[in-house]
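I have a structure I would like to understand better, so I am pasting it below and will then ask my questions one at a time.
Just so it is clear, A, B, C and D label the chains in written order, and each chain counts residues from 1 on its own.
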Amino acid sequence: MFEVIKLNIFRGEIHVLWDVSLNVEEGEIVAVIGANGSGKSTLIETILGLLIPKSGNIKFFNKEISNQPSYEIARMGIAWVPEGRRIFKNMSVYENLEIGSYPRRARVNFAKNIKWIYELFPILKTRANKSAGLLSGGEQQMLAIGRALMLEPKLLLVDELSLGLAPKITQEVFEVIKELRRRKITVLLVEQNVDLALKNSDRCYILETGKVTLSGKSSELIKNKEIRKAYLGL
Amino acid sequence: MLKKRFFSIFISLVITMLLISSISIMAQEETIKIGVVGPRTGPAAATGVAFEEGIELALDYINTTKGGILGKKVEVIFEDTGGVPEKAASAIEKLITRDKVSIVVGESHSSCALAEIEIANRYEVPFIIAEAWVDEVTSKGYKWIFRAGPCNSGVVDNIIQWIVAEDFKKIMIVAENTDWGLGIKKLSEEGLQKEGIPYNSIITAVESQEYYTELNKIIDYAPDLILAYIYGFGVHDFIAQANEVGLSPANALILEGAGPPSLWPEFWENVGEAGELECFVSAMHSKVELTEVAKRFREDYAKKFNREPTDYKSRSIYNVLLIAADAIERAGSADGEEIVKALEETELEVASGVVKFGLEPGTVKYHQWQPPMLIIQWQNREQVVVFPKEAATGELKRGK
Amino acid sequence: MKKSNKNLLLVIFLGIVVCLPFLLDDYWLHVAILTLFYVIMASSWNLLAGYTGQVSFAHAAFAAIGAYISGILSVQMSISPLITLLFGSVIAAIFGLGLGLLCLKMGGIYLSLTTLGFSEIVHIIIKNEYEITRGTMGLEVPNLLGFYSKTAYFYIMLLVTFIIIFFLAKLIKSDHGLKFKSVLNDELAASSIGIDTVKVRVIAFTISSAIAGFAGGLYGHYLLLITPEMSSLSQMFMILAMTIIGGMGTLSGPIAGAVFLQVLSEYIRIFGKFHLLLFGVISLLVIKFAPGGIVGLYRKITQSKTDPLKIETQSKYDY
Amino acid sequence: MSSLFVNIFNGIVIGTIYALSALGISLILGAMNVMNFAHGEFYIFGAYFSYFFSRSLGFSPLIAILLSLGLIFWIGFLVEKTLIHSTYGNLMDSLIITFILSIVLQNIALIIFGPYPKKPPSWIIGSINVLDLFYYSSQRLITFIVAVLLLILFFIVMNKTWFGKIVRAISADREVASLMGINCDKVNSFSFGFGVALAGVAGAIISPIFGVTPMGGVGIGLTSVVVVVLGGMGSFKGCVIGGLLLGIIENIGVAYISSGYRNIFGFIILILILLFRPSGLFGTTIK
């Protein structure tokens, strides 16, 4: 359903992504892992329509989206849980979720969806009228996920979920990702934390200095000696 | 690389300079050129419009009715000062050096006039000022500078005489912080002190539209007359707000010390009923005409613009143009020295009286002709001359 | 063009500029002197806005400070304007340094707002402290030379203009200049390679204030009259419009812009009412359609053949 | 004593107008990262249009204000589309463009409406005796009431409508907002129109008191910027409190120091705030 084909991206003079290809099937959780500077965020930005590729295609349900503006991409059903949460701090929790359901498609199901989000994250219901800026880091991450889910996404892009969160909270948040798998929501997980990413995904791509160097089933990759050595320090 | 930069710098500099020089050589025309300076832009652009009207009427009269002077047509070049002294200096410099005018007239900003007289004097070109009231214009004693219009001390003399005649008890002076406002405030204070009349004064910002704080100070002082030396729309706001706070006309009358703002078409729109019983200084009255020329001016004006003249500055510029044309004619040439000599001997009837320049050197009266100034009061939206007594068309009415 | 040819042309042009007083009448010489003043003002403002990206609205105010300090000293203390001129410049530089130290660490919009506030405060004080500044009446000041000669003044202005532009050119070419540019292009990168961005900005700000103060003094002692209008926002607008129309961030841009607008304003004198409007509209058109200004257009025309269009990955949003 | 009351009261009345106009700047700054220097000129055009509709075409004041409000909105909308659009993300460019725009608009106003002051008719005449302390113009009181109602309306729009919420979301994080499916460019044109319409309506309702001149926008434009900085960039609540504060400070300052310095207080406050608390009373700093 979602394909990235031979993507080449430049930032100014610098060639950041080299012939990157990947695909995600419906209902899968796919992880893209890589160290800092490997081109992960560039990949995300390109998918979200913030960067124009020099060459290559991005297809979503067989439709080319790399030439679409960001808001169209969102309206097509790609939702984003940004790195560092980036919730609307000047607005209440409820308003954040409201904004999440902005596209007409999602807005009609607002009541149903918010009920589901509140079930998923009961804490958000108790804080509904609180200013989002006052939430704790974990709560903010939940809000960011909830906000993205309000869009009724067909594909959820999750960007550095674990960044800046306590391990315990990270675990809690990843439980939700697993819950999404049960709900048949397709997830593209971009993670620095290789261990977590491998444990919580079906398939995995490894990005190194802008190139996909390895890909395969997560359950197999986690056994791969090279990876264990390079990323997990084992 | 550096040289390359310089290269392009030089090109740009030089090409334009060459352009400048090629344009500066212009064909000479067979006309007598008179320069006019005045604000056509900026906050006092209204004066520029009045000037334009006056110039048109004067040219019609001189060129069409009289058939020109010395057998030539008169051409007027009107330069904008924007009400800014530097621009004014540039404007008169341009008139003198580039347009080679024989004489310059006009101006209504004291600050601009002060800058311009230096230049006219330096280039030895006669300059007749119409409406810049500051005393220094003539008290500096420049040979080339004349003024056929009010000076602050002349206007203040009038006002003080009126105050004494009407027996006002306590005076409040409100002056804007401009050369004119501050100058006339100081003279008024001196005059009131001499007469032993108690007074107090406030200075306001020239762009101000809000006078409540000042008005409350005035209420605390409780005067029976307010001398408002504010030029422009500010005085409309002042009058309207003085009425709102219950000050005028019930408890004190307002004398507006400039004149034109009380005659502008928007006056009644802006002040509403608060304009009733307001007094102002003016060289012109809607009904009373002092001379035949004034009648002719009014008729020509009505014919040309299909309305009554409101801003008396159109008449001021008309006057000085007539004076200038008359002087050139009597001088018999466009020579500066001759024109000055002719001007000193002027005895010409214009719209506001018979012009005769004072010749006492070292005083404000040197090269100065003060037109008679009237004090007019609005009574039921009619102009009533209340001072001087010999021209009065009615009695001063008080608020209570 | 060969280098020797260029040098020859340079000498010829220099000769013509030097001969200008013999080619122009008094009035156009006056315009030329004013143009040189604006060349200095726009060039020094460009050092700030074009090279370090700080849009200061206080440049006209610094010129006014220089002019008034020099004027007041020369009137009240009867000191020769040749000396007070330097005082004016130094005081303007001190104000520039102070303002720079106070607000430059914030940079950006805060700098613009602070300089705007400062400029208005200067304007209001000059207008209101009429006992010292003679308010809107304007302060009459003595002639720089003690006698009045446009030709002499033209040469003084020309000399000063050349020295200042030469100095600015040297500065921009120097290490400092590189630092200025890196501050403009990427503040983060600049600070990461060890450039103290605040220091660089303060230096640029102080230098340009000093130049403005000096130019203001020269201007005042030429016109013999200094008024609060010198520190007004419309004066600031002229400087800004000249720089933008000429080409911001280039050495020759402000010069071309100042000359172009000054000469243009002479041609459209008859449309006195419209000239600010026209300058504004031209500036907007330049920003919209030729962001490089006159210089940018010139370069585009002369270099279009050698410079193939590059298509790069670009960001749709700049932030 | 009564003069202290009248000064404070008057400060509050003028302050609400400042607040209304400043909210427009704040909205535009927040939503678009554009510092609108030409705000004061939209204020005078609001006043001019209401003058034109009420004096020249004879509409009732309310209709005249609504018409001019709509007109200013669409002018703002078009200005955004043509001029401001290309400056996104570059605060300096927007500053320069709107600065030039302000000069252009002033001169257009001068040519169209002339240099004389224009004053729409008052809605009400006379004055009211306030608590036996001082007389106060009825027109000012009504203007004050209308301004307060408009402020309330503004907060309702910002907090309860989709438009308000979207604008707030964009102010917080433009990129994220656009990835929630919001077409930021479209919203920008609307918010610019809405922002300058606030200045326009402030001008329209105050013009029966002060009248309007081509240069009359400079002061209010600068004052609005001061209010925004004072209240804290991006804070609407800050704008209201900053506006009232500045109104009161100016009036007290004029009463006890000098009226020639009326406009200086705002700028001194501006510099002090920028020096000691750049985030203003309630805001956050921006890049």
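Quick note on the criterion: a residue touches a chain if its C-beta (ideal position, glycine included) is under 8 Å from a C-beta of that chain, and two chains touch if they have at least 3 such contacts.
Worth saying up front: this structure is predicted, and the values here are computed from it rather than measured.
Minimum number of contact steps separating chain A from chain B: 2. The greatest number of inter-chain C-beta pairs in contact is found between B-C.
Ranked by distance of CA centroids from chain D, the top chain is A. The chain occupying the central position, as judged from C-alpha centroids, is D. Work out the mean CA point of chain A and of chain D, and you get 41 Å between them. In whole angstrom, the spacing between the mean C-alpha positions of chain B and chain D is 36.
If you average the Cα atoms of chain C and of chain D, the two centres end up 32 Å apart.
Annotation for chain B: residues 41, 45, 177, 205 touch two or more other chains. Along chain D, residues 110, 175, 258, 260-261, 263 each make contact with two or more other chains. Multi-chain contact residues of chain C (touching two or more other chains): 127-128, 273, 276, 317. Of all the residues in chain D, the ones that touch chain B in their complex are 2-3, 6-7, 10, 14, 55, 110, 114-119, 121-122, 125, 127, 134-137, 139-140, 210-211, 213, 215-216, 219, 251, 254-255, 258-263.
In the complex of the two chains, the chain D residues touching chain C come out as 33, 35, 82-83, 86, 88-93, 95-97, 99-101, 103-104, 106-108, 110-111, 174-175, 218, 222, 225-226, 229, 258, 260-261, 263-264, 267-268, 270-271, 274-275, 278, 285-287. Residue ranges of chain D in contact with chain A, taken from their complex: 162, 165-166, 168-169, 171-173, 175-184, 234.
Taken in their complex, chain C has these residues touching chain D: 49, 53, 55, 102-103, 106, 108-110, 112-114, 116-118, 120-121, 124-125, 127-128, 233-234, 237, 240-241, 244, 273-274, 276-277, 279-281, 283-284, 287-288, 317-319.
Taken together, the chain C residues at the contact with chain B in this complex read 3, 6-7, 9-10, 13-14, 16-17, 20, 23-28, 30-32, 34-35, 127-128, 130, 134-138, 140, 148, 165, 169-170, 173, 223-225, 227, 229-230, 251-252, 255-256, 259-260, 263, 266-267, 269, 272-273, 276, 294-295, 298.
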